[in-house]
């Protein structure tokens, strides 16, 4: 029983086949990290100072202080909710013409390019930057927040609407056109039934996003709960801040669950 | 029934009476909620400012051109910081999200009663708080700077990545896991050979997707002092240096578009 | 009735789908258009109601010239041509009744169609047509709940409620089983006779074409290569249209051997 076995070694094939590229990526990554940590300007003394403050902040969650700023918190939350609702409604209404314009199968070339440009710009800038300018133009308060979130909604909803229209079944659209329907009738009978269910779902989703965002536009003066939160941080009232954060988490969860419930119900 | 018969002719309506009334009630309700919210907001609005806004906007726009190109010298560092905040934050988030996702997924969690709820709580609270709010907290605690920004992006992204990842874990093909288990593999071996290969593409996709979002978010963290280009933006606005502001906006636009392009390329390469 | 003069369609890709087609369809004639895929059958039918814009040539419907019509006049002209589609092309999320009534879109103003307040005469006609095709018990079903044969019947009703003078039928049986195909073809031909309609039926099934049409036109690479009665289709002619193949088995030896009880068996 002395068979000779030849040993063939086996190793797992590396994910990236070319060794040059593989090692290049490793070295490049390491170099990048070294560079980042080299140039990153961190005041470690200040960070160390923060540790006891962090502990104090964490301990303020047990229990948070809902009472001493109760009216501020309540008003702030309500204001956030109004902003959320009207900006979602107005944003969606405005995004319908833009979305129709941005659908390649619907619009002539110049309208298409213009609408796409509007969508691209309103999508690239974070809501908070838009809010910053809205505050400059319209003054402090919920109106600025409303403008910022509406613009954000147009970018989000218009793009998805346009994509949905571009994906629609062309034969159904053709059939309605062949009956001699006018353009608006065609929209109402051929396009709307096809895109509606998904659009309602996305509207709910956007409502959810807008509430989250409405909590931060207050930081730059756009009204809502963000302003209340900023004040309590500025005054180092950590237990009120903790209470506000908990309220935000709670409502966001609530909105998210109910919106996913409605979305399931619509499908 | 939408079809009714009266005196021999069959009538057809889109909805029957009850459905039609329900639709009207819902429409009326929505209208009322909307107008109530609108009235509350308009109470707090100084309408003179709003009427004046178009002139103001025109004025602002005219003072924005031409952008102060020479200010770009000072912006490179800010752009570099912004990208680093997004990248390091994403890195931190995916490293932490990976184990949390396994603890949260119904089919891989060690304990459904104790550990899964904790993991889910971490995910939910991380997701519910906007990165700007995280930054606000962290700046108060550890002071302004890039580190606060990295941590803020990281904390916000943990929940996002972990949620998508644990959903991917729950949707894996069970038969592959069974096959590995049948060989007599231990728990970690099952994880390594049966589960991880299945979710790796999703994991990479999620990371790149989040990185793209994070670039956009890290441009504003500076507004609360957490580093990046937002710092310059708020400084320039406060100094009413509108030509600098327009340059910064262009830079933000460019950065976001480039990051979108990169992430689309990378995702395309992975999938 | 319908006269095509020197019709040319060249797509942007440079493909010539129709090369100088001349064709005349008299009143009340049911004509089948056969030919291999890519011969231009679909393009020809879509040029007639200008779902596809012809490159050059003239189309006369009665004494109206169609290629030069403005959008509004085109919609009026489209009302006179009913179209039946290959994959039924019903709007899937609308009910059967709404789909049938969409055939009246060219006649009613926008607000009436938007609120679904069609004139009672249209609704009477819709019920009559649905009863004629055996679907009057399914008025409120959504179109995506129907079977293929049922959907095509709704499609026929939608075309007929336009009160057309001409039917454009694009591969009506392509997604149906053989038995349903015959039933649908018979239904279309019967209805054409009842109402004295002319029809152009695109069909790739030679046997069905011979069985039901009075006249057959063979199209090959955008040119008419055969125009004559159904029994003139010899193997030579088929070879000319489709290319070399054993055609003996394809040619109908007996006329329609099914009897009328099939009609009653339809659900």
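To keep things simple, chains are lettered A, B and C as they appear, and every chain counts its residues starting from 1.
In this text, a contact is a pair of C-beta atoms (placed from the backbone, for glycine too) under 8 Å apart; a residue touches a chain by one contact, two chains touch by 3 or more.
Being a predicted model, the structure only gives us computed values, none of them experimental.
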Next on the checklist: I want to compare two interfaces, A-C and B-C. Which one has more contacting C-beta pairs?
Outcome noted: A-C
Checklist entry - Which chain has its C-alpha centroid at the greatest distance from the C-alpha centroid of chain B? => result C
Next on the checklist: Between chain A and chain B, what distance separates the C-alpha centroids? Give it in angstrom.
Outcome noted: 4
Item to check | Between chain C and chain A, distance of the C-alpha-averaged centres to the nearest whole Å | outcome: 48
Checklist outcome for this item: Taking each chain's mean CA coordinate, chain B and chain C are separated, in whole Å, by 50
Item to check | Multi-chain contact residues (two or more partners), chain B | outcome: none
Item to check | Junction residues of chain C, two or more chains touched | outcome: 98
Item to check | Multi-chain contact residues (two or more partners), chain A | outcome: none
Next on the checklist: List the residues on chain B that touch chain A in their complex, please.
Outcome noted: 33-34, 37-38, 40-42, 44-46, 49-50, 53, 56-57, 60, 80-81, 84, 87-88, 124-125, 127-130, 132-133, 136-137, 140-143, 145-147, 216-217, 219-220, 223-224, 233-234, 237, 249, 252-253, 256-257
Item to check | Residues on chain C engaged by chain A in the complex (per definition of touch) | outcome: 49, 51, 75-79, 81-83, 85-87, 89-94, 98, 102-107, 110, 113-114, 155, 158, 162, 168
Item to check | Residues of chain C defined as touching chain B within the complex | outcome: 97-98, 115-116, 120, 123-124, 126-127, 139-140
Checklist entry - Can you list the residues on chain B that touch chain C in the complex? => result 1-3, 9-14
Item to check | Residues on chain A engaged by chain B in the complex (per definition of touch) | outcome: 36, 39-43, 46-47, 49-50, 53-54, 57, 78-79, 81-83, 85-86, 89, 121, 124-126, 128-129, 132-133, 136-139, 141-143, 146, 212-213, 215-216, 219-220, 223, 226, 229-230, 233, 236, 241, 245, 248-249, 252-253
